[in-house]
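Next up, some structures in structure tokens.
Shared chain: chain A. Partners: chain B in the first complex, chain C in the second.
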Partner chain A sequence: MSFDLDFFARAARAVLPGIPLTLLVVAFSLAVALPLGFLTAVARAKRVRALSPALAFLVSLMRGTPMIVQIYVIYNALPLMLSAFFRKAGIGVNVFDVDPLLYALFLFSLNTTATLSEVFRSALSTVGAGQMEAALTCGLSEAQAYVRIVVPQMMRAASAPLCNAAVELLKNSSLVFYMGVRDLMGIIKTEAGIGYNYFEGYALALVIYLILCFGVQGIFRLVERRAKRGRAAQAA
Partner chain B sequence: MEFTPLYILQVIPELLRRLGVTLWLAAATMLFSTLFGALLAWAKLGKSRVLRALANAYTAVLRCTPTLILLFLCYYGLPKAFAPLGVDLNRMSRFCYSLIAFTLLNGALMSEVIRSTYESIDRGQFEAAATVGMTPFQTLRRIILPQGVYIALPNLGTTMITLLKEASLAFTIGLVDLMGQAKLIISLRYGARALETYLALTLIYWALTFLIARLVSRLERAFGAGRFERAREAAP
Partner chain C sequence: MLRISHLSKSFGSNQVIKDLSIDIRQGDVTVLLGPSGCGKTTLLRCIDFLERAESGTLSFADGGAVEFATAAKKEIARCRRRFGFVFQNHNLFSNKTALENVTEGLIVARRIPKPEAVAIGREALARVGLANREDYYPNQLSGGQQQRVGIARAIAAKPDVILLDEPTSALDPELTGEVLDVMKALAEDGVTMLAVTHEMTFAQDVAKRIVFMDGGVIIEDSTPRAFFAKPREERARQFLKRLLPNYGEYTI
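Entry: the complex of A and B
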């Protein structure tokens, strides 16, 4: 079996500029989805009329269909909707000039919000209802009760599934290429296509994703360890 | 470009013609990855340090491997790897390549499902079975499996849904399953009505994941029925 090492080294250099793009998709989606996912979980737990069923519908749709199908739906639907909106609003922007990265950020944020809302929903259920009642009795406002009492306890149950969700997001981000975003998969595909070095190319992609993925898991482990130290200090 | 909602319903029968491929791939993958996962779980629970480390490393790596990359690596790498052995895999069907890739991927997930299930069963069960003179195989078949299936069902359901969704990526190596059929239909119409076709696909996948979830909760009730009666009798 021949493995073209020269190509591997050359492609590794070419692919480096694509990595920040992947990290951007992951970081942006998490930044949007952490607060929104939590709010979604709270809204569903409180059974807000009309809003809760609508959110449940969206979450089920996002969790029940393949990411690649969602990508194609958004990729075809958003320009259609945007162009109608631009025409109505009188904005002279051609939809085809909109960077596909924006579509990717939109979809991945939405999808991650759905995933995290499920994570937070089950994590919320591990905190007894008495905690909230006790906090309210002590004169805390509901927002205070969530921030100071419920969320810190919830995080113990949420941290492992959160890490899984982040890893899932990172892996799925390899699909933004199908929305026309030239991320590292896109760069590798063009590089590999020149000399039919597809195997070496995707081996390189695997190495990069493994490094990124172990990095994400490492960060979560670090945060978890610090949180545990905090808990131990409180208990002492 | 205009949106014709009626076409969504019209295209569904055309898409469903390839439903069989999607279901076969998922079912065959489930079968083989359960066997492979059982092997990995056996290695993880076994006494051999080397096997345990290998199985754990395999799981850690595969958990971080994007499906897309694994598919490509199998598709481009396997013929390369087997060529020196005089085996020509270039004529192997895309279905087989997909099956191999998804078995490798899902096997890692299944090994964790099986391992955690095995560990959740009380040690006393094994000892009790040995005391009444059961062979290890009898213990597995009559005592461990019936309990294990019930414990594993929720995880099994999640794994199956994940697999079904991930399997939609097989179109990238040219398999014509549901997703591949959608791409084919769209290209036959020179890209027209892409959005409607993908929306139809969304509905189909959504229905499939919904059905799996329903089936699993049905089974859970069926397997749990005897369990709760016994628990009630045991309660004072």
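Entry: the complex of A and C
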């Protein structure tokens, strides 16, 4: 068996346009999940009636089932249900024309929200209730207390698991291929299929994902260092 | 200056405060005494809306009254401005310096311009003897210093009343003195205080008024002199006997 370097180089060039799509899925999901995940965590911590159990169920649903199953359900069942609904409601949208990327963004945002809500929930519990009470007695509103006091302290505990979640998300984004989105994994699979160069193709995917993951970790390390600057860790 | 009337608070089926009424007068240094679990801390927390009482009214001498049970967010915020709160374990913002701890409420809640707030904050820190520690984070300060910052934070905005919830109970014995000294100095300056404390010397020497609680009600309200010399109630006598080992052994 020989390693086809020519194919490797050719595929590497072909795959480049797929990288922004992968990064889009990651960035979009994070942009949605950071605020939504935080709000979910707060709502659950406050035990809002009806809302908290509903959110807890949704989080379990997203975190307790394999991503690949969710993908098949969302990608196959959701359009069918939607089109039936649209037909009944008389809305003239053909759901089968919808770009599968939208389904992918929807599912990954939802899934990441569930993951991050758990990250934030445990991070919130590291900030004592007294911090919120002290802020209230100082006259701050609850929202001000969260923004100025609780969240900055929470981030100390959240930053490492957040980075983990981002890396996990990046890796899982390769699954969008199963939704018919041609991300970098999709491109590699097609390229490899032409000349049966699967080994080279997957090796290439390995290298690219590794580089991207290093990139994500690097970004987090940078942010963490900036946050830590001049700030000693809390003793108790 | 401020009147609390008919305050009741339960946790589940346990009624901690029963129809309690108390007046706080300008310049009063009131010490709340009583066995643990008698509702002292809960009373303070209800006054500052950290707990929601089921019933009762908070009224101010300069007009205005709110119902504890139904006060809206805005009313609560308005009431809280009249109080400063000192916590047992200080609850300093661990992500803020000593000075920022004091100025946070001034700038964010009271919208005092930053330079002015910083000046007020420095003055408050100087008052508790920590002018040279303004850039320290809480974890770089000793327990006594942390609690003094906590007091500076409570007094900075010159509230009507400072509520102190066992401000020295979480401190090492050798650190309580510096905190009590600060409280004494404030009392001498005429700051109105309502304090829960087990520091009997402070109660005897600094308080102008002792309120003794048991079972969620006030059973004695008198001067320290009268209270410590001869409490009217048997429960108060029992309490003093437990706390002051030599209590009642001598009669003069």
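As a convention for this text, the second predicted complex is superposed on the first by the 223 of 236 C-alpha atoms of A that agree within 3 Å, B and C clash if a C-alpha of one lies under 4 Å from a C-alpha of the other, contacts with A are read in each partner's own complex, and residues count from 1 in each chain.
By definition in this document, a contact is a pair of C-beta atoms (placed from the backbone, for glycine too) under 8 Å apart; a residue touches a chain by one contact, two chains touch by 3 or more.
Bear in mind the structure is a predicted one, so any value in this text is a computation, not a measurement.
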Does chain B (first) or chain C (second) touch A:L162, or do both, or does neither?
-> neither
Which partner does A:A33 contact after superposing on A: first (chain B), second (chain C), both, neither?
-> neither
Applying the touch criterion given at the start, work out whether A:F214 contacts chain B, chain C, both or neither, answering first, second, both or neither.
-> first
Tell me which partner A:G64 touches in the superposition: chain B (first), chain C (second), both or neither.
-> first
Please indicate which partner A:G128 is in contact with in the superposed arrangement: first for chain B, second for chain C, both, or neither.
-> second
Can A:C138 be said to touch chain B (first), chain C (second), both, or neither?
-> second
What's your read, chain B or chain C touching more residues of chain A?
-> B
Could you tell me if A:V25 is touching chain B, chain C, both of them or neither one (first, second, both, neither)?
-> neither
In the superposed view, which residues of chain A touch chain B and also chain C?
-> none
Per the touch rule above, chain B residues touching chain A in the complex are 1, 3, 61, 63-70, 72-73, 76-77, 80-81, 83-84, 161, 164-166, 168-169, 179, 194-195, 198-199, 201-202, 205-206, 209-210
Which chain A residues qualify as touching chain B in the complex?
-> 1-2, 60-61, 63-70, 72-73, 76-77, 80, 167, 171-172, 174-175, 185, 198-199, 202-203, 205-206, 209-210, 213-214, 217
Residues of chain A that touch chain C when the two form their complex | 128, 130-131, 133-141, 144, 148-149, 152-153, 231-236
Using the touch definition up top, name the residues of chain C that touch chain A in the complex.
-> 48-50, 73, 77, 80-81, 83-85, 87, 89, 91-96, 104-105, 108-110, 137-140, 153-154, 157
